[in-house]
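Take a look at this one; I'll ask things after.
By letter and in written order, the chains are A, B, C, D and E; residue numbering begins at 1 in each of them.
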Amino acid sequence: GKDLDAVKKKGFIQAGVNGGVFGFGMPDEKGVWKGLDVDTARAIAAAIFGDASKVKFTPLTAQQRFTALQSGEIDVLTRNATRTLTRETQLGLNFVHVNYYDGQGFLVPKKLGVKSAKELDGATVCVLPGTTTEQNAADFFRSNNMKWKPVVIENTTELAKTFFAGRCDVLTSDASQLAGTRAVAPNPKDYVILPEIISKEPLAPAVRHGDDQFRDIVDFSVLAMINAEELGINSKNVDQMLKSKNPAIKRFLGVIPGNGKALGLDEKWAYNIIKQVGNYGEVFDRNVGPKTTLGLERGLNALWTNGGLMYSPPFK
Amino acid sequence: MTDNNTSTSREYLKPPVTEVGVLGWLRENLFNNWFNSLLTILTIYSLYLVVPPLIKWAFVDSLWLSDAAACRDIDGACWSIIPANARFIFFGFFPEDQQWRPLTAMILLLALVLYSQNRRSWNRLLFPIWTAGLFVMGWLMHGGLGLPVVETAKWSGLPLTLMLSLFGMVGAYPLGVLLALGRQSRLPAIKSLCVVYIELIRGVPLISMLFMSSIMFPLFLPEGISIDKVLRAQVAIIIFTAAYIAEVVRGGLQAITKGQYEAADSLGLNYSQAMRLIILPQALKIVIPPSVGILISAFKDTSLVVIIALYDVLKTTKVTLSNPKWMGFSSEAYLFLAVLYFIFCYAMSSYSRKLEKALHTGR
Amino acid sequence: MTDTTAQKTASTIDQPIIELIGMHKWYGDFHVLSDINLKVARRERIVICGPSGSGKSTMIRCINRLEEHQRGRIIVDGIELTNDIKNIEKVRAEVGMVFQHFNLFPHLTILENLTLGPIWVRKEPKKEAEETAMMFLEKVKIAEQAKKYPGQLSGGQQQRVAIARSLCMKPNVMLFDEPTSALDPEMVKEVLDVMIDLADEGMTMLVVTHEMGFAKSVADRVMFMDEGQIVEENTPHEFFDNPQNERTKLFLSQIL
Amino acid sequence: MSNEPKATPDITSSTVPFWRNPEKRGVIFQIAVLLLVLGIGYVLFSNTQANLKRQSIATGFSFLHNEAGFEIGESVIDYSAADTYARALLAGALNTLKVSFIGIILTTLLGVVVGIARLSHNWIVSRLAGGFIEVMQNIPVLLQLFFWYSIFYEAFPAPRQALNPLPGVFLCNRGLIFAVPEAHPAHTPMLWALVAAVILWWLLARWARKRQDLTGQIFPVVRSGLGLCLLLPALVWLAYGAPTAMDIPVLRGFNFRGGMAVTPEFSALLIGLVLYTSAFVAEIVRAGIQSVSRGQIEAAMSIGLRPGQVLHLVVLPQALRVIIPPLTSQMLNLTKNSSLAIAIGFADFVSVANTTINQTGQAIEGVALIMAVYLFFSLSTSFFMNWYNKKMAIVER
Amino acid sequence: MTDTTAQKTASTIDQPIIELIGMHKWYGDFHVLSDINLKVARRERIVICGPSGSGKSTMIRCINRLEEHQRGRIIVDGIELTNDIKNIEKVRAEVGMVFQHFNLFPHLTILENLTLGPIWVRKEPKKEAEETAMMFLEKVKIAEQAKKYPGQLSGGQQQRVAIARSLCMKPNVMLFDEPTSALDPEMVKEVLDVMIDLADEGMTMLVVTHEMGFAKSVADRVMFMDEGQIVEENTPHEFFDNPQNERTKLFLSQIL
């Protein structure tokens, strides 16, 4: 398709990322991009070019992200965007497989003694604008007949600081970010995440309408990471796995050709992803997992075999 | 008067003590009536309340070169955030091994500024020197001709701030001059177009222009064509600044007497010659000080590109602050930025004041 | 003129109207005026001249307290100038001043310029103030310009308006600080004419000027100042024909 | 002398080829430029149309009637998530107006004070004012806003530890919350009484002027006017039995209920804008006062005017002419800069429009609305200013 | 002078160099010039005088199209002034103009002021233009100031430079609009001397001036304008000794 051709001609893929969310898309002290979304984009580059470094990142605000994609400024959007019906239809986008299942929740200081989100009547709530968060929160409070006051701040950092300083009683955001925010609190133990998850937030990469081949490649790049984890392949053992007898693995890694041709890619595309970026579990652990500052559990993002939602269709 | 002129020998008396010296100065400047005395005492008292704790926080109890963890244990300022993150704050995404390039470019800029700050160097050479300087700076930043190319998406931090304002000014000036000439034009259509442009742009905030460049503009272009984000913001800044320059230049044009136009006409110069050789050289010289003022605002205004996710020096600092390690030290970081901006702007504004005086007295 | 003034005037008829006794003034370290002694009798016309920077302006500005003196006494019509605001106000009501640069109020019409003082300081009804104003405007031969703004008048006209403005306050003394030196030559005469009329009517006048013709024809006494001192004073006749002091001679040789 | 204006030109220009006739050249040039501008406009427009269609993006302003579905932190009018986008935007616009209006008043006051302080004979005061002006002018306002906001939420305690400096007044990181009189039927008549007092004041001023014209006596109009404004409402209040019930804020649940609150976002924005702009205003005021020459003041003093009268009758009328035009453009700057509210969470027009763009995806309409609203503010101000300047111009030869 | 000009000059030698036929001009509703008829022969020197506002400046400014006339014809050296830009350019190259306020270009040196026209309009090489310029500067006795800026020169010097600037364009006619009235009296003579030299060399000149001495000694004809019309014209001798028109008499009585 034309988008893929254009990307190949350019020699790199232009990915829109968040730029300010720790663990998902943010530059480190050296200016190197880090995060789950960033690694997803790298995986796509590895699939197309066999080189995970052939990707350039464009940081985008919430308002810019869709026009940037529509106008062709970026080729793929990997910026914690929730897949919704309107976005899919009215904005002319195609979302691919979810790379992070999220849901909106509430973070409160322990000392308030709040046990449930239903007790939040009259609270002041810190919200990050530009996502579905504002609307979700409004819906939740309305449906439970509670009053509230939003404090809407554009910038994640500013918002977190504001919350810790006690400007708001509650911080609402996607659960992933709540954990992240709590992790950087002056004293993380003073804060709890309330049990209610008030929305479904399947965060997925998106491409624009018009090039199904490219969409497939992006979709399967995400799936390949999940599939690899299912198959037990990771960046360290991928070379040995090339010798595996398992036909599923052989097909996956392109030892038995076919998948690559079907996508219009090199047969080693999946191998390249795993070798250069890692499987989903690795990427998760590296960026947001329990050992990182964010310290997120796998939860919904565990493999289906472990009670999560991550499930890959067969690669054949 | 010499001493031998005896008829009226003039005795110079010392003035009463209350008029001169420290006492005189104090009386004259601080305590010349009860109201001023009260004011003085109140001011000194409030300074006493504010300044010592501030000094304690900023200097006595502070850390300058430590890691983030050490900072959590002190009461004072944690200036360490700056040196620890200096690379990213100043140069952002610019590849580390190429970092010398923006550094050289900035030093070059500084040298150019220092050189042209002296009015004696305002001669025919100045323009080619600046043109060459800007080209070299562009080359250093972008690469090519032997240097690896660094695309604009990676330009960030202080160089981006400087480039946006500098090229904003350089780009806006010709446009502004054209608009000013257009606004003075006798042709009604041209005049109204320019008036509409100038008033429209001056009527809206810069961030709406930036929104336009970042959200709306991509939709204006034909399918498949896209313009770099930095360039779009740069264009928005140019379009915006040009309107203000136009008004300043118009002031300069109005200061040129009708006689100059007539003398040019009667020599037989045509419109463009008269403008180029007679009117603009005079008008532009008059408006140098207010132009510096516009440069200052342009420099300050580039900080608004944070709102459209460009990594100028304010944004790189904010990114540093979103790193959990350094999250708590925003006051220090903001103060540092404030000082940085202050130094640049103050230098420019005091220079423009000096210039204004110099141009006012001399021809 | 209010009743009290009239009384006081009567009681002090033989006293000098202006008296400066051992007056000194400094600007910071700089000794501008040193030991000035001066008595001006009622109806006396005094011309003051001297080189630039000699302190002429400063001296007459001290008389209506536009500048503060630091030592010695200044007594105007029996009122001594001290820090007392009441006294300063009284003296200023008594003394009219005309400046080199006219200092008309550009935002007011000629008529309003003239009535401002009478209305706000002397609390005259507007109508009355305007009548007086028109009278003085006629006197300075400029009545037809009453509705114009100062910016629309020539320099000579402006200076005449300025004189009329002072006269509207019915002063007993008029001070002039180089009233013609900012004027184009052809306008000097019209202003001097007005001043001569004024002198003829018996106004007490202190005039800083280099118009020696005016001095000769009008002045009762001419004073020469240099370096902050009154160096010489004499009748015009003696002063011009027979100057005593070296510096006066030098000055006169340059100016005549 | 015949008085036929612009008589038929018998200077025949028909023989001159059009490119050598300056008038015709001008016409042709203008047409060319207009065509160029229209052409560019058309290309952009058709591109946009094509893009929107291709990507099936909704267009038009019909979204304004849809339910907004988001809350706004503070609003002058009643607003809830169930209202339309149009109402949300209106609430945003009113917030912009609110902060601009209060900001303009405070800026003017502070600017005048600092400007006068800059001219003060008191060395410390004038230096401090100078320092204030330099610091404020030379730091980007956005940075200042961040700074003030962080002061607000970091320096003040939580609601439960709220400072209570006066009975009924609480200061915490939720803002300044204070008691207001409980709603009472007396309030409307009191308001009318105030209006009546203002009208009376005006009549009084006219009467005083006339009396002064006739008798020369001066009446203390300002003092008696202010007195009227206090006295009349107070009388009405007494007539209604002097209701003293207050709506006192109390801490219930998370927040204070009742009373009136000034939020930190609003305060930070206001303080930031006021301090920043007042530095510029101070310079304008200083220049304006200095533009009145020393000679004017001396002339006024020498006709015996008191210092207050000198200021009121001579200095201010002249200084204001110099001050007002740049002052207005500073006021406009303040209004435009209030759009930075988006960075610190105050729900001004831009911030609401931004959320709207984000929820509806209709960027073009959103940005167009933003521009239109600010243009409306600016242009109406300029029209007023042009009128004012014409009226006040000092007549010159 | 280019070849074509020379040819044309030859062929039109007996024609008037300037011809105004039934020329009218309005400013909006105001009829400034009405039915002006004027023929200027080659080498003729004409002085124009008249009260302020009579339209003298306007008339000579029409001749090099600084103002546009609305009716009648203006023909300069055989070229009619119409809307044709080419013709306007030609006429301006033919006609030099000296203004009351000199209008030198303050940002250029004297030499640059002089060479600007020759270099950009006549496309002369710089060297040649500078040589010519120096020649004319010497002629107006000011060659040593070539490197200075106008602001550093006295009024009289500036006006002489302005004359030299016009001469550098090698005009056939020179127009002067009150060239001496903005000068201090002591500088008038130096400018008039230069103009007399010019007249002696046979330059065609139209001079608006009130310097009657100049008119008497140099002019071939003197014209008197009032209310937008040429009221009287005559030889200087007749004009001054025997004016015909009442208005002329009145004017002369005021000015002499």
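Just so it is clear, contacts are C-beta pairs under 8 Å (C-beta built on N, C-alpha and C of every residue); 3 or more make two chains touch, one makes a residue touch a chain.
Predicted model, so just to flag it, every value in this text is computed and none were measured.
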{"item": "Smallest count of steps, each to a touching chain, taking chain B to chain C", "value": "1"}
{"item": "Touching both chain D and chain E (chains)", "value": "B"}
{"item": "Furthest chain, CA centroid comparison against chain C", "value": "A"}
{"item": "Central chain of the complex, centres being mean CA coordinates", "value": "B"}
{"item": "Top chain pair, ranked by how many C-beta pairs fall in contact", "value": "B-D"}
{"item": "For chain C placed onto chain E, the superposition rotation in degrees, Cα atoms, nearest 5", "value": "160"}
{"item": "Most distant chain from chain D by Cα centroid", "value": "E"}
{"item": "Whole-Å gap between the CA centroids of chain A and chain B", "value": "40"}
{"item": "Rounded Å distance between chain C and chain D, as computed from the means of their C-alpha atoms", "value": "49"}
{"item": "Between chain B and chain D, centroid-to-centroid distance (C-alpha), Å", "value": "26"}
{"item": "For chain D, residues that touch 2 or more chains besides their own", "value": "51, 54, 146, 150, 342-343, 357, 363"}
{"item": "Chain E: positions in contact with at least two other chains", "value": "none"}
{"item": "Multi-partner residues of chain A (at least 2 other chains)", "value": "63, 67, 70-71, 154-155, 161"}
{"item": "Complete list of chain pairs which touch one another", "value": "A-B, A-D, B-C, B-D, B-E, C-D, D-E"}
{"item": "In the complex, chain B residues that touch chain A", "value": "84-85, 87-88, 91-94, 96, 151, 153, 156, 211, 214-216, 218-219, 221, 223-226, 229, 307-309, 311, 318-324, 327-328, 330"}
{"item": "Residues of chain D touching chain B in the complex", "value": "26, 29-31, 33-34, 37, 44, 47-48, 50-52, 54, 120-125, 128, 134-135, 137-144, 146-147, 150, 332, 336-337, 339-340, 342-343, 350, 357, 363-364, 366-367, 370-371, 374-375, 377-379, 382"}
{"item": "Chain A residues touching chain B - in the complex, by the definition given at the top", "value": "6, 19-22, 26-31, 56-61, 63-64, 67-68, 70-73, 154-157, 160-161, 180, 183-184, 186, 293"}
{"item": "Of chain B, residues touching chain D in the complex", "value": "28-30, 32, 36, 39-40, 43-44, 186-190, 193, 199-200, 202-208, 211-212, 215-216, 219-223, 296, 300-301, 303-304, 306-307, 314, 330-331, 334-335, 337-338, 341-342, 345-346, 349"}
{"item": "Residue ranges of chain C touching chain D (in the complex, touch as defined)", "value": "64, 66, 89, 92-93, 95-97, 99, 101, 103-107, 116-117, 119-129, 148-149, 151-153, 162, 165-166, 169"}
